[in-house]
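After this come two complexes, each holding chain A, first together with chain B and then together with chain C.
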Partner chain A sequence: MIRFVLRRVLTAIPIGFIVTLGVFALVFAMPGDPLRELAGDKPIPAAVLAAKRAQFHLDQPFIVQYLLSMKDIFTGNFGTTFAGADIAAQLRLRIPVTLKLTLLANAFQWTLGLLFGIYAGFRRNGLVDRSLLLVTLVLLAVPGLVAYFAAQYVFAVELKWFPVSGVLQGFPHSYLLPALVIGLLGFAGLARLMRTSIVETVNADFVKTARAKGLGEQRVLWKHILPNALLPVVTFIGLDLAGMFGGAIITESIFNLPGLGQFMFQAIKLKEGGVVVLLSTLAFVSFILINLAVDVLYGILDPRVRHV
Partner chain B sequence: MRRVTGVLGATLGLALVLGACGDGNGSSSGDSGGGGAKSAVIAIAADPLEFINPLNENGSPGIQIAQAVFAPLVATDPNTGKTVNVLADSVTPDKASRTWTIKLKPGNSFQNGQPLTAKDYVDSWNLTAQGSTAWKNNGFFSKVEGYEALNPPTPDGATPKPTSVKTLSGLKQIDDLTFSVKLKVPFSQFGLTLQYLGLAPLPEEVRKDPDAYKREPIGNGPFKLDGAWNPGDDIKLVKWDGYKGPNPPEADALTYRFIPNADTAYNEFLAGTVDFVDVPSTKIKTFKDDAPDQWVTSESSGANYLVLPAWDSRYKNPKLRHAFSLAIDRKSLSDLVGLATPSSGLIAPDINGYRENACKYCSFDAAKAKQLLQEAGGFSGPVNINYSTTSATGQIFAEAIGNMLRQNLGVEVKYTGKQGSEITELADTRKLDGLRFGGWGHDYPSIEDYLTPMFKSTGDANFSGYSNPELDKKLAEGDAEPNQDKAIKLYQQAEDIALEDMPLIPLYAKQNAYLHSAKIEPRVSKYTGVQALYSTFK
Partner chain C sequence: MRTGEVLLQVEDLSVEFDTPRGTVRAVDGVSWQVRAGETLAILGESGSGKSVSTQALTGILEMPPGRIVSGTAKYRGEDLIAMSVKERRKIVGDRITMVFQDSLSALNPVQSVGKQIAECYRVHRGMSRTDAMRRAAEMLDQVRIPAAAKRVNDYPHEFSGGMRQRVMLAMALALDPDVLIADEPTTALDVTVQAQILELIAELQAERDMGVVLITHDLGVVADVADNVVVMYAGHVVERAATAEALELPMHPYTEGLLGSMPSADLKGQELPTIPGTPPSLRAIPSGCAFRTRCKLAIEQCAHEVPPLLTVAPGRDAACIRRTGSALKEAVR
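Right, the complex of A and B next:
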């Protein structure tokens, strides 16, 4: 087990290097001068431009800029953004916002997805199953942008059940509406996967054997079918959760939640390689860790893939 | 199986409880401004500010906050359009309009109690004029004598040599309340430029360590920060009693809330949680129905142009430029833009010296356009129209212009989408192929602030790379003319040259629209636009 974890962490290091370098190169390759972008159409005096370039290492060659950014990340010396924001303060503000939003949204998504999926799987072709098929089809077809603005208009502006945007009302109030919409839009995939997985498992030979042995229906369901049917679902959930540090750019923008997604968006807009790499590193590390946790959990659910 | 049903029922119940609990909340509006009797929440559709320092700020959100926290030397009177003194007691040029003496009113101070003196201006301006400080309003001081010593001219891309010079030789303190500014060349409009909020001084303790005061500014204006302002917070301001300037705002407290998504900000207004909001371009067609009797509009003092490249000889013939201009149906284009007025010249209508029919080629006349193009010998190759991909409407407007040129002139048209900053960079290095859009709004209300930036050979916003010594000469004459009426006459002659050469084709002036709650009435002025800061309360 420890060897497995160690091996995974060690392989993550070169991958992390390649990923961050790639992201940095992409930002670097974006057309246009970042400092000009900041100034709009107003001209910047050469002296100011030069001082800013030096401050943000923009006068250095590409690879030096990358290494300096990495050094800043590892020494915890984050500095400020082009717009003058203290990056450490921004992270302290934004990480909790993103965590609250994604965890609440995932809670909605998993609850709905698992319950509907399991029920529909067992009661195949029943009323719930058929309506689930239809509802998930509709949900999968709705673009997020439309759903977010529609929900905001109906439930916040017209009905006033929720705040329109911002985090002034704190957790969970300010997060409920966006999390519910994310959860509703996202549960469709999970519910369908869960349903199919159950249907497949119900007809598997080992389930028939269990029934033939005379085991009770409840025992077959909880001990034999569910653990096996959950395997692909755990992978799905793990990937979902692992992506959370990427932030939800569109949701955060529409509901004005100051999370990592908006920060990433601002940084990309201004071509701030350093900030983009910092956020990518954060996302990458959390991705590796959560994936690792999922793999360990996998072993618990399925002894065949247990890592000794 | 029954168990599963039971859990399902519980979840539905949970959803209902959640819905119900949302019901109790949300209806309590957030417009409790800061406790004052007359308070308002103003939404700003922009990324949150990270510092308040007028000298390092040239964007609209930052200047808006600076207007509340700081005070300018002079200001435009919203009723008459005339320049009135705020912190200045007098602003006097010498005979040549080259050395300007500024005398401050006695008895003003900063919000930390430090008296406001001439030294604060001189030292704050010197600090900004140093290139190494890297503040955005550095460029303002390029007109002042000694600027080059602080900012040694360097070829593009090279690192400037460090300099030990820390003060502008043209900036002199005379006594506690008087200082003088000596300019490199005469400039009759300099007095008007002093109303720029980006020139507001910082007190001594801030000048010593500006970074320490990024989030706790010490101003000298009608409002001060109310409590701590942490990242992610609204900017909460309360009235500061020490402000003695003319016409103070009526509000006791103001909250500025940053909502980067303009549609979200608009929805916040509809939900009744903010008192003032800009109408985003997506709501131009609906805002009058969304908020009846709660909207105001104003002409924006800026204009939008089509920029012709002076470095491409195919566009050189003025007749061809006139043909392009006459082929554009500005009325339809303005309708497409939404809230916009077709331009009939280069100057905004609220500016002293504006002439209604100064432009002979700004009407729509397809027949004459065709004839002029023929006289100019036609156009070879396709006309390339560049548009910014970062603008939601860039491509739509480009295609509208392109269709008009194609239909009315029979020229071939193609379109190129690029990032805004990339277009600027290509144009700066004279490598851009074809037309692009440009816009300019004045920093101070003078006809000169349209002509110099856009048409002077060395102008800051001379996007077309245009240069005409005749025009430069007229501008210099206007700059040297102390009599304002005579100066305007000279500037108008420069404008006539620009209209005849037509390096830019005027298109439209946008109008701004705003929504305001029933409890406030924002100040609307022909000269200063719509200002939430100066709202009256009901």
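Right, the complex of A and C next:
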């Protein structure tokens, strides 16, 4: 087990470098001058510009810029943004916001997805199953952007059930609407996967064996069907959880939640390579950790893929 | 003939399936019985209804789409089909147990074999976890799995095919049942392992004076272990006899055909005879005798009505008007 974890972490290191280098190159390749953009219409003295460039290493060649950024990340010396904000302080403020949003959205998604998926799987072709099929089809067809704006307009602007944007009303009130929309959009896939997985497992031979042993339906369900039907769902949940950060960029920007996603969005707009790479590294590390956790969990659930 | 107590008696069992393209009758008026200490073989090709009949009477058939149309299945006089699910669960899994063909898919892949065997003791006997696990290890030892105490915590995929089938047997015999229904228990195994498993079943059967219903398509297996044989074709019982008699002088042309197509040393160098044609689809069973389209003896009359299962000699029944016409006219069903 420990060897397995170590191996996974070690293989993640070169991948991490390739990913961050790629991200940095993309930011570097974007047109425009970040410092001039920051100054807007105002003229900026050449001396100030040169000093700022030197401060953010913008006068260095690409690879040196990248290596300097990585050095800053690993020494924990995050510095400031182009606009002068302390990045470490920003992270301390923003990480909880994104975590709250992601966890709340996942709580909605898992509760709805597992509940409806399991129920529809066991009562297939029933009313719930049929409606679920229809509802998920609609949800899967709606693009996220449309859903976010529509929900914001209908439930916040018109009906005033939720705050329109920002986090002034605190947790959970300010997070409810975006989390609900993310959860609803994400639940469709999860519920369908859970349902299909159960329908497949119900017909498995070992379920017949369990029935032939004279076990009650509840026992067959909880001890034999579910532990097997959950296996593909665990993989899905892991991938989904890891991908949540990407979704946060859009949601946080639309609902004006000061989280990491919004930070990332601003950094990309300003061509702040250092910040983008820092956030990408953060996302990458969390992705690796979540995947590792899922693999370990999967090994516990399924002895056939247990790691030595 | 065995003279033990009749443990399980199936009478006039018919099972239908509702499919999108209409109803098909998979089992039609099947009757048989098994006594203590007896091995009854149900012989037939796939689709002949041999597995469906046992799954229907034990209540593990998916219903719907399956449906029991008629019949009784009496365990010591109590009808399994008429009783409630709760009552049946006290018998099926305890007094009547089953073994299936493919032990890899028939065992739960994410539970240790010990736990799966222990489950029988825990559910039916209310034993504690540790007691049940100890009994499970003893059971593994009884089916001759080496180092049983260690292997009790292993998972199904860690066993070989033969060993896995032993695990299945251990699970089925854990509660010392009266009747074991073995549904093609050796089909997925190679021949040497097959013989070992059959031998093991016979040994354990003798120890416990248990009735065994052996479902198979292999006439060789029947010849080796069965006391009596029921031959099924397209959902009907076409012949019922003591194994030795059926092998010596088959009554029904289908049994005769099966016997004729068995490879043996005498036929070395010759082409193996086969039964012409294929079994009928259950959607389009020929009128009258289902076998007539493949039968050498078929005459026009065979198409008129389903031949009844008639007694041709004591303990010998066959459903063929060409063979039973002159014999006793007494219908036994």
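To be clear about the criterion, the second predicted complex is superposed on the first by the 298 of 308 C-alpha atoms of A that agree within 3 Å, B and C clash if a C-alpha of one lies under 4 Å from a C-alpha of the other, contacts with A are read in each partner's own complex, and residues count from 1 in each chain.
Definition applied: a contact is a pair of C-beta atoms (placed from the backbone, for glycine too) under 8 Å apart; a residue touches a chain by one contact, two chains touch by 3 or more.
Computed from a prediction, not measured in an experiment: that's the story for all the values here.
Student: Using the superposition on chain A, decide if chain B and chain C clash or fit.
Tutor: When both complexes are placed onto chain A, chain B and chain C end up side by side without any clash.
Student: Just chain B (first), just chain C (second), both, or neither: which does A:291 touch?
Tutor: After superposing on A, A:291 lies clear of both chain B and chain C.
Student: Quick check on the superposed pair: does A:60 touch chain B, chain C, both, or neither? Answer first, second, both or neither.
Tutor: A:60 contacts neither chain B nor chain C.
Student: Measure off the angle at the C-alpha centre of chain A toward the C-alpha centres of chain B and chain C in the combined model, and quote it in steps of 10°.
Tutor: Computed from the C-alpha centres, it is 160 degrees.
Student: Would you sort A:115 into first (chain B), second (chain C), both or neither based on which partner it touches?
Tutor: In the superposition, A:115 contacts chain B only.
Student: Should A:227 be classified as contacting the first partner (chain B), the second (chain C), both, or neither?
Tutor: A:227 sits against chain C, while chain B stays out of touch.
Student: I'd like to know which partner A:196 touches here: chain B for first, chain C for second, both or neither.
Tutor: In the superposition, A:196 contacts neither chain B nor chain C.
Student: Would you mind checking which one, chain B or chain C, touches more residues on chain A?
Tutor: In the superposed model, B touches more residues of chain A.
Student: Please work out whether A:211 is in contact with chain B alone, chain C alone, both, or neither, and reply first, second, both or neither.
Tutor: Once the two structures are laid over each other on A, A:211 reaches chain C alone.
Student: With the two complexes overlaid on chain A, what is the closest approach of chain B to chain C, counting only CA atoms, in Å?
Tutor: 15
Student: Sort out for me which residues of chain C touch chain A in the complex.
Tutor: 55, 58-60, 62, 88-94, 97-98, 100, 102, 105-112, 119-120, 123-124, 155, 157, 168, 171
Student: Okay, in this complex, where on chain B does chain A touch?
Tutor: 1, 3-5, 7-8, 11, 18-19, 22-23, 25-27, 30, 47-48, 50-51, 56, 58-59, 130-136, 138-139, 142, 150-154, 156, 159-160, 214, 230-232, 257, 259-261, 263-264, 267-268, 270-271, 273, 418-422, 424-425, 438-440, 460-461, 463
Student: For the complex, which residues does chain A have touching chain B?
Tutor: Those in contact with chain B are residues 30-34, 36-37, 39-48, 50-52, 54-55, 59, 80-81, 83-86, 89-90, 92-93, 111-112, 115-116, 118-119, 122-123, 149, 152-153, 155-157, 160-169, 173, 176-177, 180, 217-218, 221, 253-256, 258, 262, 266.
Student: Considering the complex alone, what residue numbers of chain A touch chain C?
Tutor: Answer in residue numbers: 203-206, 208-216, 219, 223-224, 227-228, 231, 301-304.
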